[in-house]
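Both complexes below contain subunit A, partnered by subunit B and then by subunit C.
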Partner chain A sequence: MAELARRTVTVASASGLHARPAKLFVQEAVRLGVPVRIRAGERTVPANSMLGVLSLGAVQGTEVTLESDAAGAEEALDALAALLSRDLDAEEALDV
Partner chain B sequence: MREDLLDPRAILLHESAADRTEAIRRCGQALVDVGAVAEPYVEAMLERERTISTYVGEGVAIPHGTAAAKEIVKHDAICVVRFPEGVDWDGERVTLCVGIAARNDGHVPLLAALADILLDPERARTLREATEVHQVIKELT
Partner chain C sequence: MSEHARPYTGPGDVDRLNGLGVSPGRSAGPLIRMAEPPELPAPGPVTDQAAEIATITKALEAVAIDLRTRSEATTDRTAAEILDALAMMADDPMLREDAERHARAGRDAPHALDAAFSRHRETLSSLGGYLAERAADLDDLKHRAVAAALGLPMPGIPSPGHPYILAAEDLSPADTAGLGDDVLALVTERGGPTSHTAILARGRGLPAVVACRGVLDLPDGTIISVDGRTGEIATGLTPEAAARIVDQDRAERNRLAATRGPGRTADGHPVKLLLNIGSAADLPPGPLDAEGVGLFRTEFLFLDRKQPPTFEEQVAAYAEVFARIGPVVVRTLDAGTDKPLPFLGLPPEPNPALGIRGLRVDRLLPAVLDTQLDAIAEAARATATTPWVMAPMVTTRAEAADFAARARSRGLTQVGAMIEVPAAALQAEELLAEVDFLSIGTNDLSQYTFAADRQHPSLADLLDPRQPALLKLIALCTEAGHALGKPVGVCGEAAGDPQLAPLLVGLGVTSLSMAPVCVPAVRDELSRHTIEECRHLASQ
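After this line comes the complex of A and B, so read on.
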């Protein structure tokens, strides 16, 4: 088994980690296909579970930790951490 | 949880909608009716849904406006609208909508509480099958 990889990141999206930013995060976790857990406070949930991620109640500025010991963990964590550290709400205005 | 977020008048448990658009309009109207948002917010909810589905699992969707529409939110509020016959939601079947109007983070604990309920299949079923307003308030607050 690979070593446990970990990234701690602060949620950057203005609306926190729910609604659209949560969906984008979960979709990316599903797409990457690497089992990743996300922790906020006492609670740890699978990154590919929309309900799990919503249940964290993470707002802008909440510190969350991503963890995985699966193959490809480093790359997956980098991608997911990068997503969390961007303000996905601010980018929406440019989506059109 | 802030109890003022959920006005009992915004809990509608016996609605029907032909499609997702109609269901979202119903949710938006419920938020308009309790004075949480101005009319244009309803269009912003539809716009949000076109960019990304607000389906969260367990037969539940959480329609809400775009970030740009925050300015027309008068006060944070949610509505709970139940469609007992179900609504096709981009291939998923939705029987419960939790519509959201939020200017800031006031509704996040409530969303987290909702997600927590839905992660428990038994409680999720109770909420989806609720026929009385007080049942919904008891579960969510």
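After this line comes the complex of A and C, so read on.
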């Protein structure tokens, strides 16, 4: 078993980890195919679960922790952490 | 009159149904009914758990594929995003594992799906706000998955592959996100003028008739015409007659879309045409052909929050709107036990419509309004604009005076009160001694005047804005405004109805605030009446 990799990031999107940002995050987690867990407060859910991610109730500014001990964990966590630290709502506003 | 002089609609057995027209425009085409959610049968004995698990997998897949197909078919980007998100929920690994676990515990596939969806629904609804709304989406997905597992047609918005008129009992917010460009018009058996169906249809410019009894008895494929102004449905048309109606409607819309400029009666009496928005995103792109925003609902900032938005966040959101269009009438937070927001922490009430809502939240949590007024004042300074502010659900003169004092102490010079409670309308003159303008919210004013729930399917006639008692209350407000030289506008759904515009203007209303899509038709209708004709209408 690989060592547990971990990243702690602050949710940057204005609408929190809901709606479009949640969708983009889960899509990316599914695409990467590496099992990752995401934790906010006392709740931990698989990053590829839309219902799980929504149930975290994470808003802009919430600190979340990503964890994985699977192969390719470091790269997957970097990609997902980078996504969370961008304001995905603002990016949407720009490309209309 | 139309009963005697029916327009020619082609040969065949033309018959008629009547409902309440809530979104103007005409259309015609084949009717398709939205399937009802499936009934969950009594639990069956399970002989083959593996087969039940396979059924679960297939049902969830079928739901996801259906949603993705519809997402690809629509050109509406927002709708596509919502459908994709719903498809991801149907695909959710946690959900599938839960359902499989229930199947291994001996439940049949439909009951296992039902139990799995219910658990996730509870989690989301306990979070409140935006996520509680997603809980309703889960019900919709559950109905689809259970129908698929039972081998029944999937409930929800049909996608027949050709344009059609959608008939339904009523439409939920989740249904409406799935409406594709192939929907020509909406007809529902239930619903009133302020129901979700009506608001959605007006927002999208779709002709709509609600409270139309009997429409669901028509077989799928019947060609009908829909008049969203008169509420009349004609059935049994020929395809040629239907095509002619669609062409006429398109020509009419093109003509209206070409109208420009400020609101005026035929003889030049000015009536401000303003916009109802929830955020800067609701403003159409490009140059704005409106005279300002008459209702900036600020709830969106507060939805979906465990903590209230910060002062800085609020300043940014308000400034974004102030920078695009002016003047803007900002309505302070309109929430309460009827529209619960988690951070308010308000206890549930037996009768939320009559409880702590609108300005009444201030009785328990004054800091919310103080911060909001600070942020509006700061956004005004940052953009060098002069926003107007008004409070929802003002009931007494003392409430109006307190709100006005707090707004003015922050340098906000244009302060108003919404008229939604009959007590406030009866005291319009006293309120106008304290504030600078009134804005009449006809939806709630109807609900409270007629003691009729806005959503009640059987009380739509009481909520008709032409009800004389409602018009009398509006007249009390406009007379007070006229006497004191202060503006009195309407920002409820009635303001966006071109048929009502001349009547409201005749009563003395100085501005009409509506969804952006409603402006051209209202502008056009006003330009066809002189102010004297409007006053004559109002005196009848």
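Just so it is clear, the second predicted complex is superposed on the first by the 95 of 96 C-alpha atoms of A that agree within 3 Å, B and C clash if a C-alpha of one lies under 4 Å from a C-alpha of the other, contacts with A are read in each partner's own complex, and residues count from 1 in each chain.
What we mean here is this: a contact is a pair of C-beta atoms (placed from the backbone, for glycine too) under 8 Å apart; a residue touches a chain by one contact, two chains touch by 3 or more.
What you see is a predicted model, and the numbers here were worked out from it, not measured in a lab.
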>> Between subunit B and subunit C, whom does A:Lys23 touch in the aligned arrangement: first, second, both, or neither?
In response: both
* Asked: A:Ser15 contacts which: subunit B (first), subunit C (second), both, neither?
  -> both
Next on the checklist: Under the stated touch criterion, which partner chain does A:Asp69 make contact with: subunit B (first), subunit C (second), both, or neither?
Outcome noted: neither
Partner chain(s) touched by A:Asn48 [first = subunit B, second = subunit C, both, neither]: second
Both partners, subunit B and subunit C, contact subunit A at residues 14-16, 18-20, 23, 49-52, 54-55, 57, 59-60, 93
The answer for subunit A against subunit C in the complex is residues 14-16, 18-20, 22-23, 26-27, 45-46, 48-52, 54-55, 57, 59-60, 93, 96
Within their complex, subunit C touches subunit A through residues 81, 84-85, 88-89, 91-95, 120, 123-124, 127, 130-131, 134, 138, 281, 285, 304-307, 313
The subunit A residues in contact with subunit B across the complex are 14-16, 18-20, 23-24, 49-60, 89, 92-93, 95
So, in the complex, the side of subunit B touching subunit A is made of residues 48, 51-54, 56-58, 62, 64, 66-68, 100, 102, 105, 108-109, 111-112, 114-116, 118-119
